[in-house]
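Take a look at this one; I'll ask things after.
The chains carry the letters A, B, C and D, assigned in the order they are written, with residues numbered from 1 in each.
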Amino acid sequence: MPYEFKVERRVEFSETDMAGIMHYSNFFRFMETAEHAFYRSLGHSVVMKDVDPPLGWPRVHAECDYFKPLHFEDLVEVHMLVKEKKSKSLTYVFRFFKLNGTREEVARGALTVVCVSHVNGVMRSVTMPKDLADKIEIAPAELIG
Amino acid sequence: MPYEFKVERRVEFSETDMAGIMHYSNFFRFMETAEHAFYRSLGHSVVMKDVDPPLGWPRVHAECDYFKPLHFEDLVEVHMLVKEKKSKSLTYVFRFFKLNGTREEVARGALTVVCVSHVNGVMRSVTMPKDLADKIEIAPAELIG
Amino acid sequence: MPYEFKVERRVEFSETDMAGIMHYSNFFRFMETAEHAFYRSLGHSVVMKDVDPPLGWPRVHAECDYFKPLHFEDLVEVHMLVKEKKSKSLTYVFRFFKLNGTREEVARGALTVVCVSHVNGVMRSVTMPKDLADKIEIAPAELIG
Amino acid sequence: MPYEFKVERRVEFSETDMAGIMHYSNFFRFMETAEHAFYRSLGHSVVMKDVDPPLGWPRVHAECDYFKPLHFEDLVEVHMLVKEKKSKSLTYVFRFFKLNGTREEVARGALTVVCVSHVNGVMRSVTMPKDLADKIEIAPAELIG
């Protein structure tokens, strides 16, 4: 079922701000936590040093809609889903569920990442490796919601 | 001309990641730097304790498109522009220009924030204070680009 | 055995810097992760809203010695030990062990925190609550190393 | 006078925590801001790519004593002073002064950094470059306080 991945995190003190809630920029760090764990689950690291030239996945678009705040020590499920797969890019959707209390969706985000290679110091988008591409599927639309 | 504000920042070592570029989540921190300086330029703080009940501005939407990476010690201009003003919310656009080298737009973001009040522990969206609303204009469309 | 606590964390991409290793400031965030989990294990939160007036634990001293770098996706054990317990303050030691590869101590830190109360907006150090103090012991010296 | 450097920063919203003050880990990020600006003032970057093999400055010790909290929008002077200069390492002291209100020292920190080189993937401490070492002096003891 390689079109999704779920990780759980607990909101840390250093991730809150003076409004008493998790700072909105940290949702983007949580997204990566899920994305990178997804890659590991496929037997890869997002940092692909074992291919030559090494590949990277810079972000070209990021967004998030916030429905409810998260507080210190809240337990959060980050549910990553593959929304789009092109030859050189992937788009993920991330659904954030607060697990303490009723299981409620508190935010929804998206990331578009591009597969790039660095040749002689110049970054160029490239076709993603076939063995990785073959493992990644598009999630059913009803899961993306 | 209270529809825009510009701040300059230099990318710090702690804001880079192992890819050698500024981590994408930090663009969202830079957006706030410009937003809060804009408020100060109007004689306000984004944390409005001097009104009763105190007001806050939680983010309900954030996004960013990344065109080019930023590196350590790059000097960046964050140009904030007011795109939309409703009675209870504001939408800003943020244009990031790298100032060293040719002045080039490296990213463009947006934030939508809602004016809220906390009454008896319950957060509710409220009409923004008139004296603040009167000071904020919509930026000309050609500046937003 | 309420004189220690262990948490595991995996180094995230956003915690690395352009030197390719975890930024040194993040060790201080990891220390708190262990500290707060220790409190939860005692049935408390470090944010004590349920006592009146509410208590807090500002840090008055922090330090860390770095022996080896941590890299992206390294799995780390943060071993927190209570080194000193006074009526109004606690000193913890934190030993960082890298779990992938040989289990090796990569850093060692310490925090001193003071129990404070806010009365009429003024912060004052106070004796820590007896039920909490009774639960916390000093770790054996040989564990602190 | 190459034994000190001063930078000013304003505490940002994203640097505060739910206790309403700047999170203690951010003082370590502020220290680097001053250190790196000091290097630039000497005509260097802390990231020395122009020497072969490239040099780096990992931190081997970091500490901070906190006297008073910093709040959102506080203006802070970070005063860096060179305390020790050895052939392969430097120790700096950092004095934090809050500039709004009375000019008051709110924290004092220290960093020890080691000059390293990477040869065939192995990190080794090396003698710092003579042209850099010649520019750096030890600060008078009375300034370090």
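Here is the rule we go by: a contact is a pair of C-beta atoms (placed from the backbone, for glycine too) under 8 Å apart; a residue touches a chain by one contact, two chains touch by 3 or more.
All figures in this text were calculated on a predicted structure; none of them were measured in a lab.
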Remark   = Overlap of the chain A and chain D neighbour lists contains B, C
Note = Relative to chain B, largest Cα-centroid distance belongs to chain C
Task = Averaging only over C-alpha atoms, locate the centres of chain C and chain D and give their separation in whole Å.
result = 24
Query = Just how far, in Å, is the C-alpha centre of chain C from the one of chain A?
reply = 28
Task = Send over the residues of chain D in touch with two or more other chains.
result = 13-14, 18-19, 21, 25, 29, 47, 72
Message = If we count contacts the way the header does, which residues on chain D are in touch with chain B in the complex?
response = 12-14, 29, 32-33, 36, 40, 45-47, 72-73
Query = Within the complex, which stretch of chain C touches chain D?
reply = 18-19, 21, 24-26, 28-29, 47, 56, 58-66, 69, 123
Key: Residues of chain B touching chain C in the complex   = 13-14, 16-21, 23, 25, 72
